[in-house]
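What follows is a pair of complexes built around chain A, which joins chain B in one and chain C in the other.
Coming up: the complex of A and B.
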């Protein structure tokens, strides 16, 4: 038993290496991983490499491709390349923490309820009631109220997406709790927290991670949609949804200005989807089925 | 079965109640109110005061909430603070318009998606399947507003076939509206097809691999007969459930799409109402949205139970 326990971190590392190898062995996984990695890297270093100040306006508005502005300029003469490069920072700064918080609280609540709690029935009814509310409507309301204040948007996203994590975590825990090794741990008299961390979490983590990457991509789409509607980010902060909304007004004059932010958002979402599908396949989780549930 | 429905209806009532509470709290928390939004920036304090008294905005929020709730339960959701028209009257037109694009999208999109899904499944891992799957992932990854922008660019700006924004009023007749619905419906279809198609494909493949399909094949059943008699009956239930959930999720898409095309439906009404701080209108619109959402998922559950008797015995 102790030998096994001492071996656990090494085994986990080996498994992680296997998953990564599997993901990278498939073309779709490779493309997905490359896209996501490129976007993350860009979000980190873009302020350093962007050729222009994202808010700097100039007289050359709605220019096409040129040596000075590789991807042209927008209606205020701002450099489209710089704005596209920097455009993911706000979105990721909001959605990644929100996805992590959602996973933490939703996962914790789901595991607690899944282990069999007196509160299970009543809390799940409440969770279902909240899930029945179309969340984008409320995000719209909340964002309208607080005018894009990050401190409010993150908890709101985390709340609505955490509800869905609760469902996934609870269902998974209930299945695990009925299995022999968990029953054995219980009969052994293990502390409930020990059961959670030693028996439940290692087996549930796969599902939650795959689910989390999918949710992150939904959150990014939702946030960009809000910005597109003029509610998410306040100017002059660059954001893809907002850039597309701006460019839409000038499609006849400068159709090119809409292309870079569209490509950027699509490549990020495609990348996340491919990556989560590949990780899911590596771990033996059917993401399509999860999506439908 | 009966118990399931009762449970779900009770849940729906709870959800609607929560919705109305949250909406009220949110709109109350908005800076400025209906009078300030209506009268504009340069207003006399006296005029503002008078307007607030007239619209009863000087009363506590709780009291107004109860007045509105009582009205709603007796069939009168109040009067729009901005246009001074009865909320019910404003809503009816908008609901019709939203149902027009949502309904058209579902009528065309769901059969199309099921067809593509089944076709991809029987041509699994070959060219048609790969092409359909890649298109599916792409269209699922495209946010509604990107799809909308691309379609506007192609059909309105480059080709000039269709109007870029709908130039119709909320109470145009349906034939008048049809040209304006083409692009919004197209966007909704693109988003919807991807989800339903992927689930159909997975379900059909599962059934094709199942033992009973194998047995049918061994008995010499092939082609259409195998598909229609042995594969589809097993694949249909889950697909139906997904169709209904997808329709419900489309609601959020409808808000974005209506906004993009300036289409006079429920979604754009709600965004305007939020901007005008028009509390009765916001509350009723959100409530209608939620009710449609819940109604659709309820239908999905009931449909899933009807086509799959095994679910009937599932405890809660």
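Coming up: the complex of A and C.
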């Protein structure tokens, strides 16, 4: 005899497998997945495979491409290849947790408001007010005042990007709450939390996941910008934005030094966007099939 | 007059070309001819391919859809030949009126300007001549005060007036053929009738041929000389309307016609069980055979269209002769005098929304209801009829506790129904269940049928263990005539009628005394409506459940109700036993509603 709830995990797995298969079936999805996977892998193993110590300075500063330094050296004689490989670790260590926290709190607040709360109007106007502030300026201010430590940057990022998630989650929830199956659950007398977890979330998760991927790519750009301005990561920790800032001073002498970190940022962001697009399409196919059948 | 037909369709197949599954035709080898000035109807249920055919006649295919074979000749032009010629014909010699007129009108242009544009493109009149012509046309469309309408924007007109304008714009190019896709489905019964009459009049005067595409036999039955019935992408029968409707030869046509409830002939019409095949299904034999009650061995061979006994064409090896069998109306049991719900003087007046909701536009007006009296007995069905905006749905929402009544009383089994939902005891929620109009939105797409029906069981009967729940769900599915194989399916894998039966099963699982049915058959095809009614009636017989059955479809209400309440503008204008209200209506509004209801019995009598 089948237990009712027991199939659920298996079904989710099947669905996940379908989505992955779809993403990998189209070129843009394949490219996106490959770029993101390569970056994640590199972030994990780069300290082991980097040819030089990222902080090790040498007398050979601002060298071009050579057999010893494949991508040359920077103004302090540090190996650009090693620093580029390791450079995403700080960024990802901050933006991934921040994206997760943003999705969680923004999603929770959005669902709560979307179900029709008295606070809805007030809270959403506040959210809009915060969104209206140019976030990079605000981040700069916070970081300048409180120092650019992880303990400051993660909550700040999570707060700002969570506001956007709130909007998406609230809009989605409002749409779902008007659907008859949610009305039916309310009329039946289901507990509100049960309605959220059984009726709303399974239908909203897709949107939030796709949205979360996009938020992550925004956060990466924002963090690199902070570092570029000298507020994100403190030297000698390698970080792409900071590397670009350093190389900027010597563009006339060593024009190639800025290229590797720039390419790294671009490839990661493009990869994330392609991936999130493909996941969105994969899930969209799902909804079209449901409607058409 | 030219002797050649106006439109000639030869062996036309249109569908999807897939890499892995070959060609998947949506319409298959359609042969059709339309003469000049003729009116012809194409009837079919959702998924029959009728809209695809209508589009293809104009040389138009949806993205991804291709012409697989065949030709469409309009006035000897190949509609799939020269794109420039086809584009010129469209909007000129062939005009199209969509289901929703609002989408055919440009929202940012006044009605006058839209007519002017159409005339500029399709006539050689100068500015002042056009102005006169426009006023004349608007008068022809029987729009009140044409001079005022000229300066209005589409959103300032009612749905019926918009549809009139869309028809007028279609006529502006002096077309030889107008294709009408469900032209009146979105409109009220009375408006429907007047628009169809208008169309017929205009077409006759100008000699325009009309092609109606509809799921509604009433619309085509009253307005078309000739009829083609489509099923699963094929024309299964065609012939003269009166003859076809009074003595259909194809089992599907017979079933379809038989499943329409009649006002004269109360009781639930025989249901057609099952559902049409999906386009991806490969069927070598007759495409209707798995639903056909008269299936024989030879039906595994695909039938060609042959001459039908009534002089039309029919795609069946064993066409039937004579009028469709008389329906076996299910007699309604007398109900006990045991009130379950009592409503006295119940009113819900439009509440002025607060400042915030006005600012945000969140406060949506609900039609008010006033002084409603109802008494629902055990095992009884009260039918509530009225047009849109009459307050039918508001009444249900008040009973459900979603709106707080402004005055009056409502009780159910000792519970006060004025109590808002949040404060209602669980037992009251269990006893009063609801089934909604739209089966697609009433089932969670991420839950299996098993989970959906188990939800109320878990909530209301906490002592049931997993096994007991599973057994009960199976039992309930059988009551709504869905087998165990549906347990693990998702709503997306079910047809509309099946979904609606699952929604009924979910309500039934609560073992309620009363089920409120809000237009439960309106979103369904005719052939499956009867199945839903049958299920509701069976449940009532077995459990003594009472229904409040709200619908704008009078014949459906007639089929299932003991007692009728007619609502107009929020007030009860007439109430009484079903036989009395339908047999001898007293109020003018009821008479008007009855007059505009299509009844297959009328056609049979006329023929």
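Convention: the second predicted complex is superposed on the first by the 278 of 293 C-alpha atoms of A that agree within 3 Å, B and C clash if a C-alpha of one lies under 4 Å from a C-alpha of the other, contacts with A are read in each partner's own complex, and residues count from 1 in each chain.
Basically, a residue touches a chain if its C-beta (ideal position, glycine included) is under 8 Å from a C-beta of that chain, and two chains touch if they have at least 3 such contacts.
Keep in mind the model is a prediction, meaning the values are calculated, not measured.
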Touched partner set for A:140, first chain B, second chain C, both or neither: first
Touched partner set for A:269, first chain B, second chain C, both or neither: first
Contacts of A:255 with chain B and chain C, given as first, second, both or neither: first
Contacts of A:43 with chain B and chain C, given as first, second, both or neither: neither
First, second, both or neither for A:189, with chain B first and chain C second: second
Which superposed partner A:92 touches (first chain B, second chain C, both, neither): neither
First (chain B), second (chain C), both or neither touched by A:80: neither
Chain A residues touched by each partner, larger count belonging to chain B or chain C: B
Set of chain A residues, in rising order, touched by both chain B and chain C: 289, 291
Contacting residues of chain A [partner chain B, same complex]: 125-126, 128-130, 132-138, 140-142, 144-145, 217, 221-222, 224-225, 228-229, 241, 244-245, 247-248, 251-252, 255, 258, 262, 265-266, 269-270, 273-274, 286, 288-289, 291-292
Complex interface listing, chain B residues touching chain A: 11-12, 14-15, 18-19, 22-23, 26-27, 29-31, 137-138, 140-146, 149-150, 152-153, 157, 164, 195, 198-199, 202, 238, 241-242, 245, 248, 251-252, 255-256, 259-260, 270-271, 274-275, 282, 286, 289-290, 293-294, 297
Chain C-facing residues of chain A, complex: 1-4, 7, 121, 179-181, 183-190, 198-199, 202-203, 289-291, 293
Chain C residues touching chain A - in the complex, by the definition given at the top: 278, 356, 360, 400-402, 421, 424, 426, 429-430, 433-434, 436, 438, 440-448, 450-451, 454-456, 459, 466-467, 469-470, 488, 490-493, 506, 510
